[in-house]
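Please find one structure pasted underneath; my questions will follow.
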């Protein structure tokens, strides 16, 4: 059930609806929109009677949500979500570009990469301090040391920092350093982790699991949103198919891109084979700028 | 084995190599290139000794082909293949656009569609006269009547015609009317049909099977080329994955696009739900024109 | 629409229903069952009114078929289909075992294989005379010479022969020699071929395409049945997935099995790596016999 | 690198090898076998020289491990792994049967299920107290209360308990109550959790991720084994494919089975549609008993 408030509903009217919902033993999720506030209701077993809310002052409508993903559905919030990362917008007219190496490796590497992607026009710096690796014997990241280097790069360049949290243990620390907390593909259905994301005040970049359906992905976002964090950006990264000539098969339209850039890919401690050099990245940005314009966006 | 002739090898020298190959009980496939002629050898069980050919006059090199797809490999023909369809190029700098309805339905429908896609800048008209349908109870196409309507549309607009041949029985008839003969995804491994394509003098547009690997697709092209028809264009159309929200999952870069356009998609006898209207197609073409420019191509 | 006749309906009553259907410009498909005759109707665009048939003499019921596959649905024929191959049953209590080499290669090879699988308890001999191969350079089968050798093996052993038809050109010849005509996985949606199977009087073994959904497979069977051949057995052979350690992924329950057996797999011209030796096959049959008993079947 | 000790090597000789490995800054993993001890070495960047160990007293051989999964490879431990769960064997001649409801729901439900599966011949009871659910609004399990009910069922029936740990927070508690700790499919690559499994002294049942390759699954087991817990059983549960008529596609041979049994599936709080009733489970066990015998195993 979703209670849609009138455009000029007062805070008292909103509070009254929230109060009533809680009085019924249910959860209320007020979701501010550009035009109006909507209040999602969860926790009910069967359907609710819209009549409970329709006649309350300030209420425009009370509608049933037909999707299993409720708070993240278009029924609940029709307009596009735009996330503000300290002035850089995710989901707006501007194409957001996040670039940087797979892993933070050394001070020189991350600073060189940051300056290069900044020069090419990116506004967000990506780089992993905690790395989920298929093998226990591979490089697992610099941990807090890596986070500090990312913060240093931010200080020098003004780029916003996107970096991954792998578990509940380190989540608070990652959120302290990051501007956007990334949840990796393998953790997309780590529900214990997802539920803790409501406690942090930073936007979340939720990568799609390699074999997750779009519905499962939206349900994972629902875990985050229902825990209280409404700032979730979805990051498509391709799915696993029978084809082995390409590592993943990717099919989409997007509001932004995330690209691995490394000063010297041949010496990278992880994913070097799929990283661009700074100059390749610069060429890519030139093309993206023209293409964005062709489809009514900008960079 | 591939025998690469010198740039200025004479016809006599080429003939002598072909003669020698045939004398060994093998097949010779002379493949003209922009710079030189190469002669593919097939039919040998084990490896051949390059020494058999290296010392013959006009021969530059004799090299082993390491791929299971031989004649379609880059080892045999390093440069890009450009197919000339009566002046319209497939595979060159220009992005080839093939557009039109899924099926030819009526005289009015195909002529209206042809004029519309021509106006928007397409140079090839697509439309099926023979339709492979999942159900035996669905519209199966107008057969020869549909081919005649395509020929009429070509006459009025100058567009080249791309249309599908479904079986050996109707192949010669389709090839008479078509400028490019399409082989559909479900027939990609209909080897009896592929082998007959050597006998027609028209370029072939070979669609990828929905679960074919890229290697199997190249092997299907190898069937066509080894039967004597060197003009094969590959048409990616997405593969089947676990995801059901999208019908196919598509991952690629291309030299052209093929798009379904129908004057009134809501009344189409097949695939109306995925057809663009002429005006949507016109908008698409405007974007493609800019994007093509951004990547150093044109329309 | 399906018209179900009463158990003791007369031939005249059946003919009258068929006549009425044809008079409406539609196709009638009388399907004999153990208890009663049912008449499938195809060719109608919209729904038909059951009232057209319900009051006719001998008619028990007229029901709408809700599946896209009509004649092969359980709605049309509730009981299991049992196909009689000269006394050997497919689909009955007995597990049908079809065994033999991938390809017929030589007189000695096929006779040795036939005697071996007969001795182990198989009742049907499989072996290909026409082989659809991924590469045009691989062994393509002995063609009619192979069919003659299969007939000879049948003569010597009494085994029924299962062999593949690859195209319309050779279908009649294959059907002359075979007891069961196999349609291979790659031809599952070769609709031109499927439509010709109504003209042959032999049962059809329809293999599942490697990426066909079960619904598409049933629709392919519908092509055969709607063309007039009601004897269609479905052969599951695994589907293509992301996993490459197994060639196909197989998931099923069955009325029979089809197994490749070759006297000397290491010398086989095709698929030797997946063929059992006669003695391995003998061991398999011993296990299958006990397992069949455990699930209330026999061998 | 794997150092294989002689059958009668002394503890001192083993300790000396371990000491030498640690002295080189690497990790030593002594793996006891039925015939001999082997010592796996991890942590080396490049290859090691076997000469370092071959001449030490008690050493039979020092061999390079060619697989990315090292400690779980057959190279390191050739014989089958048999895990002893308080007298019940996983991986031996006997087929291990784990049965019980998806979730522990009530005292009556779990006790009734336990007595029923015990009567049918199962030796391990499964049931979830922590449930990873696709939706945040679905039943998430009884948590510690569920674990206590499982312990009570064990006390009454003597069945061993298999139950899932979802996160590091609750791992120690789950391990206290469980005889076997299950890691669910969605957590197969939750590396932070896998690394903590070395600290518990209970066997681990590691389910395959729905889109994990077999290699990735073995690498996940490697995480557990390299953290110090050698008792890992792999649980296949089918993979995700394009086919939607079956929820998962399953392809395997096994040493045991895990089956959902619920006293009243229609009232189950989770997965009722795929649970057997006690009487259906009893019928299944009768068949499994015969089939196990047919393949040289027992129940």
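By written order: A, B, C and D. Residues from 1 in each chain.
Criterion: a contact is a pair of C-beta atoms (placed from the backbone, for glycine too) under 8 Å apart; a residue touches a chain by one contact, two chains touch by 3 or more.
Everything quoted here is computed from the prediction, not taken from an experiment.
Set side by side, A-C and A-B show the greater C-beta contact count at A-B.
Two copies of one chain, chain B and chain C, touch each other, and the residues they use overlap strongly: the shared fraction of interface numbers exceeds half. Of all the chains, the one whose CA centre sits at the greatest distance from that of chain D is B.
As a whole-number value, the distance joining the C-alpha centres of chain A and chain C reads 51 Å. Centre-to-centre separation between chain B and chain C, using Cα means, comes to 34 Å. We define each chain's centre as the mean of its Cα atoms; on that basis chain A and chain B are separated by 41 Å.
Of all residues in chain D, those touching 2 or more other chains are 211, 240-242, 244, listed in ascending order. The touch graph of the protein chains shown is complete. By the touch criterion given at the top, residues 211, 240-242, 244 of chain D touch chain B in their complex.
Those residues of chain B lying in contact with chain A across their complex are 211, 213-215, 238-239, 241-246, 249-251, 286-287, 290-291, 293-295.
Those residues of chain B that touch chain C in the shared complex are 42-43, 68, 70, 132-137, 166-169, 186-187, 189-193, 195, 209-211, 216, 219, 222-223, 226-227, 240.
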